[in-house]
Structures are given as C-alpha cells and as structure tokens.
Amino acid sequence: MTTRSEPFRVAVLGATGAVGQRFVTLLTGHPWFELTALAASERSAGRTYRDAVSWIQTRPIDETVAAMSVHTIDELMDHDFDVVFSALDASVARDIEPEFARRSLVVTNASAHRMDEGVPLLVPEVNPDHLALLPAAEDGADLPRGIVANPNCSTIGLVLALKPLASAFGFDRIFVSTLQAVSGAGLPGVSSYQILDNVIPWIPGEEEKLEIETGKILGRVRAGTIEPAEVAVSAQCNRVPVVDGHTLCVSVDLKGDPRLEDVREAWRSFRAAPQELGLPSAPAQPTVYLGDDAPPQARVHRDLGRGMTTSIGRLRECPILGYRFVALSHNTLRGAAGGALLAAELAVSRCARRGGE
Amino acid sequence: MTTRSEPFRVAVLGATGAVGQRFVTLLTGHPWFELTALAASERSAGRTYRDAVSWIQTRPIDETVAAMSVHTIDELMDHDFDVVFSALDASVARDIEPEFARRSLVVTNASAHRMDEGVPLLVPEVNPDHLALLPAAEDGADLPRGIVANPNCSTIGLVLALKPLASAFGFDRIFVSTLQAVSGAGLPGVSSYQILDNVIPWIPGEEEKLEIETGKILGRVRAGTIEPAEVAVSAQCNRVPVVDGHTLCVSVDLKGDPRLEDVREAWRSFRAAPQELGLPSAPAQPTVYLGDDAPPQARVHRDLGRGMTTSIGRLRECPILGYRFVALSHNTLRGAAGGALLAAELAVSRCARRGGE
Amino acid sequence: MTTRSEPFRVAVLGATGAVGQRFVTLLTGHPWFELTALAASERSAGRTYRDAVSWIQTRPIDETVAAMSVHTIDELMDHDFDVVFSALDASVARDIEPEFARRSLVVTNASAHRMDEGVPLLVPEVNPDHLALLPAAEDGADLPRGIVANPNCSTIGLVLALKPLASAFGFDRIFVSTLQAVSGAGLPGVSSYQILDNVIPWIPGEEEKLEIETGKILGRVRAGTIEPAEVAVSAQCNRVPVVDGHTLCVSVDLKGDPRLEDVREAWRSFRAAPQELGLPSAPAQPTVYLGDDAPPQARVHRDLGRGMTTSIGRLRECPILGYRFVALSHNTLRGAAGGALLAAELAVSRCARRGGE
Amino acid sequence: MTTRSEPFRVAVLGATGAVGQRFVTLLTGHPWFELTALAASERSAGRTYRDAVSWIQTRPIDETVAAMSVHTIDELMDHDFDVVFSALDASVARDIEPEFARRSLVVTNASAHRMDEGVPLLVPEVNPDHLALLPAAEDGADLPRGIVANPNCSTIGLVLALKPLASAFGFDRIFVSTLQAVSGAGLPGVSSYQILDNVIPWIPGEEEKLEIETGKILGRVRAGTIEPAEVAVSAQCNRVPVVDGHTLCVSVDLKGDPRLEDVREAWRSFRAAPQELGLPSAPAQPTVYLGDDAPPQARVHRDLGRGMTTSIGRLRECPILGYRFVALSHNTLRGAAGGALLAAELAVSRCARRGGE
C-alpha cells in the first residue's frame, strides 16, 4: 500500500494499562509499524516491560517486547517517532500529547483533545475525510503531524452502525441505551465487589460523550473545521458484568420510510476507505447484519473481524422513532487500540502515498 | 384489617419452581393466609415438599411446609380454597386457572389470562380500582372469585415508577430499555453457559408484554371493562448476568413542563391503597427517589421495602422526550410472588370488609 | 446479661471501607454498644459519614449515623471508648492499635497483631479461654483493655468447622482448598476486569495465614501464652467471582476411626460460650450440617444464622486422610465485622459480670 | 504424516450440543479429516445444521457445514466412516457406540465405555501405547476400529500435569481440588440462576471419575489389558461461574525428594508422541510452567496452544505431601473435542503408517 520500504517507528505511551497492552499486542508483527519505545508512569520506568506490566492478554507477550525497557514519558519527548500511540489518562494527556504532536502523528485513545477544533475525531470507515484537519506537512515530510483522536468506545460502535443509515436515509433523533463491559473502565477500573451480580446504571461523563461526539463524527469539514451533524442523541449508559463488548440498543427516525430490507442491505453492503485501501487492520466488513432473530451477543460476536466488526441484529419497527435495532462493538479492540491503529494506518497510508508521488 | 377471625385457606399451584418457592416463603407466618395445599407436576406429586423441591431460597424451608405432601393439580381441583396462587407455566395455566376461578380467587403470575377482558391486570398501588372487574359474589359469599393477574415482572417496575407521573402530569410516549435478571426466566431458565460474560439483547415476547400491558394497567374501568391508556411504549429488553432485580432506563414526555423537583416529589410522596389499608405485604413507600447522582443498583437496592419498593434515581432532562430516569424493581418479589400476594391481600381486604359490614 | 445499665461507648476506625460499613450496620440498634465515633482517612475526615462513604450495604445507612462527622484517627486517640473496632489496613493498624489499646478494648480485623504473643486470636465459640491473655484491669475498671484480633476470614470458617472435631476426636493433618469471595479483598479490592469469567488461584499471604493461625486458635493457654496445637495444615487459596461467602474443601485425619454419623453429630450438637451466654450476635447454632448430598453454597447458605453460622455438608471418606467435607462461612459477617462484634460481646460480657460481682 | 492422499471420512454424533459444536469447528479446514455427516436427536433430524443448532461458538459456522442436513443416528449406522466422533450423552452412547465401532474408529467424549477393558482411555501425550488395546484390523484395512475414549475433562488436565512427574519421579498419593467451568456441563447444563454469585461444591460423579480414571490412564498395558497405576487420588470438585477452563489445585508426594527446579524442568521439557509425530492438533508444548508467582488463570491462559496446552504454576512445598501446584486446562478443547481429535489423529497416524509399509 505504502511506498515506503522501511517500517514506521512507533512509540506507545501508557503501555502497561489495559489499552496499552492491547496496543502492544496488536503491534506485534504489524506489517507497517515497528514498536520502538514504551513509556509508562514513574513507577514502571526503568524496569523491563515484562516486570512492569500486569499482563492480562490471552496472547502471551512477545519476547522481544517483554525485554524492552519502559521509559518515562519525559524521556521520550525529544525522540523522533513517526507515530505515537497514546493510552494515557485524559488528565495527563492534555499537556503531553500536544508536545509529541509537534514532531509526530499522535493517535490517542484519551478524551482530552477529542473536541478540539483542529483534531479529527476519527472512525476510519465513517469520516476519513476529517483527516484533512491535520496541519499540512510544511517541510516536505511525507508524514502527517498533529493529534488524531479515537472517540469514546461506546460512540465508535454507534457511529459505525449509523453511518450506512446516514448515507442512505438520514436521521435527526437517536435513542441509545448501552450495556458496557468492565474493560471500558481500564485497570483497576470497576471493583468486582461493586459489579458482580449487579448493574451500575451510571458511567460518569459517558452519556455526554456519546451525545456530543456523535455529532462531530457525523459532521462535515467546512473551511478547515468540522460542522457537526444536527442530530439529537439521548443516551443512557449502564455498566454490566461483562468482560469485553459494548451492547447498544438503538432507536432512530430514518427519513423516507425505508423498507426494513433496505436498512438491512445498507449494513450488509457497507464498505469504506479502510476496505478499499486494504489497510492491515481493516475488517472485511465494518458492519454485519446477523438477522432479525439474531441478537448480537457480547461473548459470541465481539471478536468478529478480529474485534473490528460491528455486529447488528433485531431490526424492527419502533413505535416512537420508526426503527430500532441492537448493535455490538468490541470496546478495547475496535473501541480503543484497534480503532486507533486503523486510524494511524489510514493517516500514514494517505500521506505516504501522497509523499510517494 | 379484616373482620374475619380465621385465616384464609390458600393453595399454591406450581409450588416447586422459582416463583412457587417465593410464594411458599412469603406465606410462611403470613398473618392472614394459611398455606393448606401445594400442587406441582406429576413428577413431584406424592412426595413431601422437601423431597420434591430443589430449594434455592436463602431462608430455609419452614419445617411444617417441608413435611406437606405435594399434590397433582387435578387432585386439588375439587377442594375449596379462599385463594389460589398460581405459578404455573402459561401453557398449563390457560385451561387450569379458569377451573379454579369458579370456586376461588385465583391470583396468577402466569401470562395466559393477563389480557382477558374480565381479568384485572393488577398492581395494587397503581390500579386498585380494576378489581371491580371481578364477578360479584352471587351467593352471599364474602370473598371474591375469578382471576387476578400479576403483570409481567418488568412491567410492574415500570408502571410503579410511572403511576405518580401519570397522576401528576400525564404522558403519551415512553422509551424503556431493560436489563433483566436471570431469575425472571425461572428454573432452569437461562443456561449459565449462555449468559456468563454476556448480554442477551432479546427476551422473546417480553417487549410486546411491556408495550401492551402498560396501557391496560394505566387504563380506566369503563362499563365493566378496561379502556387502555393511550400511550406509545417502545421497549428494548436485555438479559444480563444478574441474579435478581430488573433495571429500567426510561424516557418519558411529561406534560406541562414540570420542574425536576416536582417530578422527584411525585415519587417521594406517592402512597396508595395498600399503604392506606396497611396491607401486610405493602411497603411503607411504593417508590423511593435515591438521588440525582444515585443510580438504583440491582444488588444494592432490590431488597428495599422487603423487595416491594421500586427504587428510582438519576432524573434528568432527555433531549428527545424531555425527562429520563432509571428505575429498579425486584422481579421475583414485587415482580412475581410478592406482587401477587399484595394483590390477594388487597382483594380479600376489600371484600372481607364489605362482607363484614 | 451484663449488669451495666448504660451502653458501652464504641468507636469504629476505618469506618468507610467494606468491613467498616459492616461494623456500622451491625452496631445500629445493638443492645449493648452505642456507636459514638467514626474515624477514617484524611480524605474523609471532616465530612459527614453520608458524604464520606460509598455505601454498598443493602440495608440503608441509619440516619443518625449518616449525619455523624468522620474524624481522623489522631483526633480520636485521646478519647475514652469502652470498645474500639478497627477495620484499618494492616500497615496502619500496626502502630495505631496499641495506642488505642492502652485505654480501651481494641477488637481488630487487621492482621498486624494476630500472631503477637499477648494477643488472643479469638473465635468466640472456639477459644473463648484465650481471652485470659488480656492484661488484667489494674485500676478497678470493670472492662478489659488490650487487643483482641479477629483471625483471617478463611481461617474462621475452618476452625469453626474443626473445633467440634478437635473436641470429639482430634487430628494432626488438614488439607484445605478455598474458593474465596471478592469481598474478602475489600474495596476497591479485586478488579472486575481480572476476576470476571476467571479464577485467580493465588491470594498473596492467605495460605500462610491459614496454616499458622489455625494452630494458634486451636492451641492452649499455658503460663500466660498460647501453646499452638500441633497440626499440619496445607492450604490452597483461590479467588472466585462470588460476592460473599468462602467455600472450604477440607480433608482431615480424625483419630479413632469415628463413624460418619458421629462426625455429623459433633457438628449438629456443637454449642459454646456465646450460645450459653446468649450473646446478642451469637447464632443459635455455630455449625449446621446440611446433609450428605447437600453442599453448602455461597449464595444460598451464607446468611444462615444472620451470617454467623458455618454450614457444612458432603461428609464422606477421604482415600488419603480418612474424612472430607465442605464448609462455608460468610467472610464479611462471621469472617470480619460480625466475628469481631461477637468477640467484643464475649469480652465485655465476662468482664462486666466479673465487675458486677 | 500419513501416506494416504485422500482425507479420512468423518461423522459427528451429537453435533448440535456444546461439544458437538466444538467438533464441527475444529474439523473445519482440518488437513486430514473431512466432515461428511452430522447426526443429532430426532428433534433436529431433517433440518439443516444451521437451523438445528443454537450456535454459541465465537467462530461463525462454516457455510458448507451450515447447509448440511442433520441425520438421525440410526440413519448413519449403515454408512462407512473412517472416524466417528461421538458427543452423545452417556446413556445413549452405551448402546450406539459399539454399533459404530464395528465398522469405524469411534472416538468418544462420553463416559459410557471409559472403563471398559478393551477401550483405551487415551490422552495422546500420556498413554499413546494404550492404543494397542484396539482390535487388530483383520481384513487388511489400514485403519483401526473400536472405541477410543476421551477421559473426563478434569482428569485430562490432571494427568497431563502429572505425566512428566510420573516419568521423572513417581508418586503414590494425590490431592486435587477442582474449580470447574460451566461449559463442562454442556447445554443447557447449569442454570444461571444457580451458579451466578455462587459456588456449587458438588458435581455428581465427577470425583469418582477423577479418582478411577487417573489410575487407568497412568497404568500399563499388560497382556492386552490395562494394569492400573497404584495411586490414591482424593478429589473435591467444585462448579464455579467461569465459562471455560478447569483449575486444579494439586498436592502430590513425589518420590526421591526432587528439587523444585527439577520438577519445573520436567514440565518445561515434556514432549511426547503427538509432538514427535507433528500431529495437526498437537500443541508445541503439552505443559508450560508459568512461574512460581504466576498462577494459571482460566480466562488468561485457557487458550494457550490453541486450548491444548496445560498451564502450570505456583509450584511450592506442601506440608503434608511434599509438593503442590496449580494447573489449568481448557475443558471443551483439550478436555473434550480437541482431545478427541488429537486422539483420532494419533490413531490414524500410527495405523495409516503401518498400513503404508
């Protein structure tokens, strides 16, 4: 795809946390990216990654990565990386990410800069054109700089399910209630004493993120900024005792009274830039429709498309908004590290090709 | 409360199942009702209750009840009971319950007759006046006959949360998504292999029940029948790995733009017939408002009011319908055996008092 | 029972944590003890208890307690309390508890002083005579001073199940593997991301505690110190996704080849000082035998005897040690706050009676 | 490996259940075996596999298999298959399997014939020589006939962990307590209402299987039959709320006082016939030692070696038997369908090579 022969040099910030571990796992053996540096908190710095991390992935740590030293974030700040993946907490990310963004492309899972004017809030199949917000490379470099933000994990599944409907029919109003996995809260995240045999129908800040991010992602680039889509979103977010996979119950007022079969077909036929470009992390299908009687289930379907496919089912009429369905998205793959990786692939793919002309 | 000195004679049909066990537990030591007969399937008949039941309640079986013989349903059909509690499957209940209803008051948790024209679908705090549907006692008996149906377990929590709002403000449209406990499916019910680390966003028939029962319960008695309330309900029902307690995320279009404080106050001040009559199973408060930042949680709040109180929290504005909140109700207490018991108490209380005049 | 007419003045240290909340709940309405002060970390101090605590008990906070101010531990150090309940972390408890023990009876759930020579490691039904280790009241006070330690939560269930066997038969060797609830790790304790759909077969330090504490508790008072029982304990400890209740699989080499029926009878007939004295928190039966085919189950049986009874079942022969069975104990009631409360009741009961003579 | 050029023709009996689905999944794309027929109960017969099955695997059904017709077992009885995989219930398997075994190699996961004298109870890395029990092919056929039984799922993990120790040191006595996943009970298996927030410390028949099967598997072929190993096994079996993966806590009296490092090395270096023969389903390492401080965890480690590797950790001294450790094995892969598949590969590999000479 790209014309470069050497791999892109990559660093991961916040490498020991739940999302950081996912980045490390996905980068192992990646055809374009080479993991060259790991940073984490002061407590971990100076130790090998193996010693610093409390590894919870089912795939064992790659031996080469396990032997790498963990750095402080400050130690990496003067280095040149092509891409920096950030799994930092939002509070730390706020100041740190712009520093790295002066030299590198920063793709971040943190919420700190998502709503910044110049920052694309990117879901590669949904709004690839938003990459145009990135500052043009001024000095002939063939790679972009700046920050690309990954949306909130529950937003990503929602907009992937909505995008084919936005393109085909349009809508103004969305009801969504979520049943979110505990991994979305990271490590240590939610105490088991609080969530076992329980539902916690409140995730602070989550509903606001869903309601505001959706408009930006579905918006249009106008004069170097994003004009948000005019859509009212009402979200109710719940934490449930599930390891991975966010379930979304959605109602939407599709325009033009489409037949249910046309709606199903919109999801089945949906393909976008990552599929057309053949990006390494792109799933063959961004959305699959499982069936009218086939509900997407967290444990059964979250790994479809290596965790990058949004599963949809149970399309039926809604007595209030017209249409309703259920969607499921893997929150730490598509919704975090996998989504960020795909965003990076899209960004470097476009720019590398442009540079290669 | 009642003028009778002797207790009411009570039978339980389907006594060995999950709801049947709850009936047996709640009837132990009841001040008005005396458990005099137990019926279950052919497989259990002839054995003592202790031997026939796979007891899963945390309170041990009462020794007297444990020693009782389990009968077939046919064996009980000629006997005179004041009240028959039915925890039968809907398929069995359809033919059996009308037979018992010729001699006794049948209070049923089965869905078979819920939508029958002459059957009150009773939530004692919500529509006590619907008892007027029961056939008048023709022969001077002081006790009612006929069938009183307990609504679906998720409907009960919904209408309890809605009733104070219906009285104070009114509404036309309701969105509700549910997160329902596995006990709602009875025993054996949902396989653990299917629900552990999973959400199943489909409970066959459940959404339809919520959508149709709500209108009947909130309706008015007109000329010996129920005129349903005109309310559009859009429900999405999910099974979650929780033992007991159904969580409901609700949006509603309250009329008259009430202040949030007035809505909260409607729940706080709600009292109804069961409280006024001091019925034995009535909670002091049918609804409690936990707070704007206090979500009702299944494990923490399901036992409030001995499982008979609906907990509500997180009232806030909804961008689409105006108001939204979260409610929680214990599905096998208020939503099944406890609700049926309270219904029976209401029915005999009114009639016994009338008879005693 | 006691000759005092006024209640004992009580403080709780570490009042906002999981065990602290249990202390507060159990002390509400207690017939002998009056909760007069609450202490927690600097972060909580100065706030009302309602504001400082993240309440997770199913019984709502008592309104009077909710309005109490939370103090720092230092603030309480000069006050006179009859009994101080400590739910502090071991690291904090080490220095703090001896300070309070100079003026008051300190009953602690922390592990810091459990193996101290002068500290009774008390399970009231098992080794009530170990209270003789407490320093005699020198100044005519009718109440004891010093530290009484609650054993580890898994040890308590084990020694309660073993005590009747020790009295009736004796033994030298014990195998025990545990399946422990997450509440044993407190709050936040075990991350849900780590324990959902998982078993963690390692609880650091737990096996050592079981192996060493058992000998001390079953030991004898000799010349003002404890001579440990000579018993080899091999423990394997596992964390499982259960809220409350530790399950123990035990094998033991009972002496004298007792018949299984004699072993069952030892558990059934077991009564001890708390039952004889009628202590407020004493269960009617410290141990119950559920049956050969009746395994004690965490959710079903943990609340027997208000969480103070150890349930036992499945006694059968062991091909290696001769006898094996399963036991279950509630780890935050009997195993923490409830056990400590019963220990305090025993201590003040004896001394108050002595003082009253 | 084999000299045959055409694939072996394979049927699966009991194809719609939990283990049957695993067989179907593992056979899809298998290099030696071709799935040619599916049988299930009368209820499923005549439907396509897609319609008959309630698919719960994370990998979608292969489209070709999904379109296959499901037969009754009787319909397949006259057909010639090279290998028949049986996932039947023990009660059905008892009579059916010998019928198929007259024409084909039957590899069964059912318990019905495990202890039959002429039936190898096979774990390919542990007792490959037991295949000698199979009747010699009398008519020049190059493939074996008869029944090969897969041991109980918890036994398999145990003997894999023990085999390297048996070879290097020997032992007489084993304590094992298990924490078993719900998938071991199949579908519907354990009710979620019974296992959520619970441990069930009783799996009927399981302890007996562990105690008797271990001796047969570790035994020697003598004069055409198996002489069991003389080893006393004491098992306590528990069901826990885990999806897949059986955890085993083991104590063992290794002979010759080996150093802990020698024990670790026995597991690390263990290789056997399946590895030497390069069987398609053989893991690179049958056993891995994770570390002294690294407990094998069901969710984290069950998929090692594509679910065919037994993970071991926490080797330490046992005060009673000398050595103890924790082992983990995937109960529906290695412990059921995967183990049976590997057994079939071993059987046809040897015989095919023999036939090819």
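Here the chain labels run A, B, C and D in written order, and each chain numbers its own residues starting at 1.
Basically, a contact is a pair of C-beta atoms (placed from the backbone, for glycine too) under 8 Å apart; a residue touches a chain by one contact, two chains touch by 3 or more.
A quick note: this is a predicted structure, and the numbers were derived from the prediction, not measured.
Novice: Which neighbours does chain C have in common with chain D?
Specialist: The shared contacts of chain C and chain D, listed by label, come to A, B.
Novice: Taking each chain's centre as the mean of its C-alpha atoms, give the chain farthest from chain A.
Specialist: C
Novice: Could you work out how far the Cα centre of chain B sits from that of chain D, in whole Å?
Specialist: 47
Novice: As a quick test, compute the distance in whole Å between the mean CA positions of chain A and chain D.
Specialist: Averaging C-alpha atoms per chain gives centres 40 Å apart.
Novice: Indicate the residues of chain A shared as contacts by at least two other chains.
Specialist: 56, 196-197, 241-243, 299-300, in rising order.
Novice: Using the touch definition from the top, list the residues of chain B that touch chain A in their complex.
Specialist: 173, 175, 177, 179, 196-202, 211, 232-234, 236, 238, 240-243, 245, 247, 249, 251, 293, 295-300, 313-314, 318-321, 324, 326
Novice: Quick check on the complex: what are the chain D residues that touch chain B?
Specialist: So the residues of chain D in touch with chain B come to 18, 56, 182-183, 185-197, 241-243.
Novice: Enumerate the contact residues on chain B facing chain C in the complex.
Specialist: 56-58, 60, 196-197, 243, 299-304
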